[in-house]
Amino acid sequence: MSQLAPLAVAVPLVVAAVLGIGHAVLGRIVADIVAVLTAALTLVMTILLLIHVGPGYSVYWFGGWHPRAGVAIGVAFQVGAIGAGLAAFVSLLMVLALVYSTRFIGVQAPRYHMLMLTFMAGMVGFCLSGDLFNMFVLFELMSVSAVALIGYRIQQQSALEGALNFAVINMIGAFLFLIGIGLVYARTGALNLAQIGATLAHAGNDRVIVIAFTLIVSAFLIKAAVVPFHFWLSDAYAVALAPVCLLLAGAMSEIGLYGIARVYFSAFAPAIAPQGTSALRTILVAAGLITALGGAAMALVEDHLKRMLAFVTISFVGVFLFGAGLLSEDGVAGTSIYVLGDGFAKALLFACVGILQNRLGAVGQRRLHGRGRPLCVIAASFFAGGLLISALPPFGPFLGKSMIDDAALKQGLDFVPPLLMIISALSGAAVLRAGARVFLGWGESHDEERDSADEETSAETEQLYDHTPAVMLIPTIALLAGAIGVGAWYGMADLATTAAHTFVDVSAYRAAVFGGARQLGAASSAAPAWFDYVYCAGAVVLAVLIAALGLFSRRIGAAAERLVRAAHVGMEPIRRLHTGRVGDYAAALALGVGILAALMTLTLG
Amino acid sequence: MNAFLAFVLTLVGVVGLLVVLTNDPVRQTVLGGVLSLLLAVVFFAVQAPDVALSELAIGTVAVPLMLLLAIGKIREHRAREEEMRE
Amino acid sequence: MRRGRLIVGGLGVLLVVAAFAWACTGLHAFGHGTTRYGEMVARATVPQRAATNAVAAVTFDFRGVDTLGEEFILFIAVIGVSILLRSLRSETSEEETHIAAAGPRGSEFSRWLAAGLVGPVAVLAAYIVAHGALTPGGGFQGGAILMAAVAAIFVGGEYVVLLTIRTSATWLDIADALGAAGLVVLGFGGLIAAGTFFQNFIDKRTSGLLTGGIIPLANIAVGLEVAGALLTVVAELLDQRLLSTRT
Amino acid sequence: MSVYPYLIAVWLFGVGLWGVINSRNYLHLIMCLMVVQASTYVLLLSIGYVNHGTAPIYQGISTKALVVDPIVQALTLTDVVVEATVVALLLGLVVQASKRFGSIDPDAIVRMRD
């Protein structure tokens, strides 16, 4: 069973290489079938791995290099339930994305499939790896595949720009990561997370460790697209193919956050906790809330559907950073449930937009105004997605959100549940309003605002379908089922709490790696309380109200109109910051890392 | 640390700055090659012959070659565009 | 706009550099970089792997999976370059006429010089790859040097290039993919023969070049991969028109 | 002087990052990224250096000899190859951009936004 961990990474890689050897003779159909089957096999392996891991850890030493005299000399995959679960989620999204893309015209077989498979291998491996440098390598594998996938539509200037921005910013992130690794290695002489933790438990904290931690966290924040490292994201998501967006939005950002939690709880916690915990928590929570609020507000003023969803994604990254940044067991548990439920919902929305693009040849809300009326199933899925991301009880995102609310209340952050309610209401409103415009033709069609006449709105397939292919519809429905299903079963919450219990327990982790196994019990979580229902239902109602305000401000009255206009004017300076120029983004990145370093040094050093 | 290593490291710092300050792509590529060469010397000096060899092969041959080819391509595109305009 | 960027960026760079420098002053003094991990690995190289190059042992044995991942980074980056530099169908005809107009280029002398250099450099590359487990060098270095040799022909005479790359581009891709596949297959070999992925499953104590078990084989795979990958990139950049004939 | 090599790494990182921010040409930007990457090589190798140590290659030296750290060298080796991939990918994007849109200035881009 334990062989599953390396195989989940090696099998997609070997298939990608074999597709490369046969690229001259392989047809599109063969590549499609092979890629879907490989992703499905990876899914099966990761699920089996998840079951095998249970509440503990499964450690796999590559090359048979077990630790000697307490020193890890090889590379290990150290698989916990959260890592395996995230890996399984990634593989599931990949299966759906590959099925979804079988009818895409302009997909170059088998190169596209090779890129998708290595992208998956990188993400899955990153979730499983327990070695800092190995994480770096897989992180790079993920980035490099993503660059090519984002720049895929080379005939569009925006695609090349999006890919360049993504590449440059993420490469800087990779260098920060590497410098962090160098500093950690200089201080601890270790690359294995558990060993770093063990060494730091004796050596304690110092400035080298604080800066190293800052740099590594910055690299992950860049990948996760937390403000002010988020600029690349909207450019990249706006141009990537819909099936690629499914993965980017559903999983890649979350993987960055997983990286932060993983390195903190497995390696750095012994040095930082307990004196530094509250300071670090404050930093992460604040960054999370700013990101969540900013992303949601930007989503409301975006016309371009994919860009709007990109900002919704940023908003939720902020919420997840908040949840994980509570640095507590229930925060991690809630976040992992929320990531699943919300990941399905966001992927669902991107799948709907991809179908719209292929049917109607546009992604601007105003250009699509009312043209989506005939697409009943897509409309229903899109509205369901909008309600789900505003945390409609009792489905997937609701469960996660209520767990995060509870975790925040436990830490005395009383202002958080109402704030999160407003944030999810804003995101939900953006989606619902877009849906009402596109599918129902509500609101003004072409007002004095700019026409979204950009090239990004052209169809991905160069020709339009007059009906939705089943291979696109089925994954969409599956994503909807997933988003609903995650919350429908409360056993999920207990599983996540058990997994999180292990995840945050650094000594259990060390014991699993270096022997001296400890018994890990199951943990359970409290069912959502009445006020969770109130907050989440409130978010849904608020979302509908804000959407209506946006749609019918003219009919409601002058006051409403003025309010909407003021909101747009108020957001304009922030919108202007998203210039699409890589130099601006790099400047924001530098300042972000600098401020983070200053804060960490002052509070943790 | 001996004086030689300190000297070469200083040169690396200076050439690194020059690479950033140079605007002409061809001259910059050449300076990039010089930087790699100096880095290779540093790597030999800190007893890393494997890395030094890699840096020599990749930093002074492969990467400049790619860059020069790309510069050529880009100039070709620019020339063709100007042709079209006339 | 630009001034704002320079102020923000300048401040940011100053802060980051200050933090980084501050961390560096807390590091051990230069020249005292001994770690138990490094020492154990260095000590284990000769007795356990019969190899003399500890760096090669780390790269291909102790931490072989890192190299596997990194080979795939190279592999997929080249696939990415091919994707990004592809010509679209509508452009093909225009490109073809452009090729015809280009004709042969490069002087006779440079072509002969390049061709003459290839043989010795290729032998040197093969030597470096083969001795990777013993002396400095190995797959990365040898592959890159081999690439340099072949690239010399490419650049030496563009005429030759047009003839050779048309037929060899596919083979370059395949060499690249074979190298990448070779390394995973070695990993699977360890799994099947010794029970752990990437376990060194070949007898290490054979004398001569075969010392070190899988290390020489991994070096060959990496050499193939690096040479194939870099040459593909050079070929793509040299003449992206060629792509249209392959898709 | 005992931290001089580390400070060179810091310097390279700083000037390279500044160059990326200040760049008016994608080719220039790629070279600046390479300067940033050079910083990582210098840092990693300096960390593993041991005074009077030899290269970790046991040919003609005793297996008990003092050697420098092979781990950081292996990491740097990986890093050097990553450099080639980064350059290749970015050049692919830049060449395609210049072919289609005739500009390689990140700031000259006239962005058509909704």
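Letters A, B, C and D name the chains as they come in the text, with residue numbers starting at 1 for each one.
Quick note on the criterion: a contact is a pair of C-beta atoms (placed from the backbone, for glycine too) under 8 Å apart; a residue touches a chain by one contact, two chains touch by 3 or more.
Bear in mind that the values here come from a model prediction, so they are computed numbers and not experimental data.
Counting only chains that touch, the fewest steps needed to get from chain A to chain D is 1.
Chain geometry summary: the mean Cα position of chain A and that of chain C are 31 Å apart. If each chain is reduced to the centroid of its CA atoms, chain C and chain D end up 16 Å from each other. One simple way to say how far apart two chains are is to compare their mean CA positions; for chain B and chain D this gives 11 Å. Looking at chain A, one finds that residues 133, 137, 140, 144, 147-148, 151, 154-155, 163, 179, 185-186, 191, 579, 581, 583, 586-587, 590 touch two or more other chains. Across the assembly, chain C contributes residues 5-6, 9, 12-13, 16, 20, 27, 30-31, 33, 35, 37-38, 41, 53, 55, 63, 66, 70, 73, 77, 80-81, 84, 136, 140, 144, 230, 233, 237, 240 that each touch 2 or more other chains.
The residues of chain B that reach two or more other chains are 1, 48-51, 54, 58, 62, 66, 70, 73, listed in rising order.
Chain pairs recorded as touching, per the definition above, are A-C, A-D, B-C, B-D, C-D.
Partner chain A is touched in their complex by these residues of chain D: 9, 13, 17, 20-23, 26, 29, 33, 36-37, 39-40, 43-44, 47, 71-72, 75, 78-79, 82, 85-86, 89-90, 93-94, 96-97, 100-101, 106-107, 109, 111-114.
Only residues 3, 6-7, 10, 13-14, 16-21, 23-24, 60-65, 68-69, 71-75, 108, 111-112, 114-115, 118, 121-122, 125, 133-134, 137-138, 140-141, 144-145, 147-148, 151-152, 154-155, 163, 179, 183, 185-187, 189-191, 206-208, 210-212, 214-215, 579, 581, 583-584, 586-595, 597-598, 601 of chain A touch chain C when the two sit together in their complex. For chain D in complex with chain C, the touching residues are 1-7, 9-11, 13-14, 17-18, 21-22, 46-51, 55-59, 63, 67-75, 77-78, 80-82, 84-86, 88-89, 91-93, 95-96, 99, 107. Residue ranges of chain B in contact with chain C, taken from their complex: 1, 48-54, 56-58, 61-62, 65-66, 69-70, 73.
For chain C in complex with chain B, the touching residues are 30-31, 53, 55-56, 128, 136-138, 140-141, 144-145, 147-148, 151, 155, 230, 233-234, 237-238, 240.
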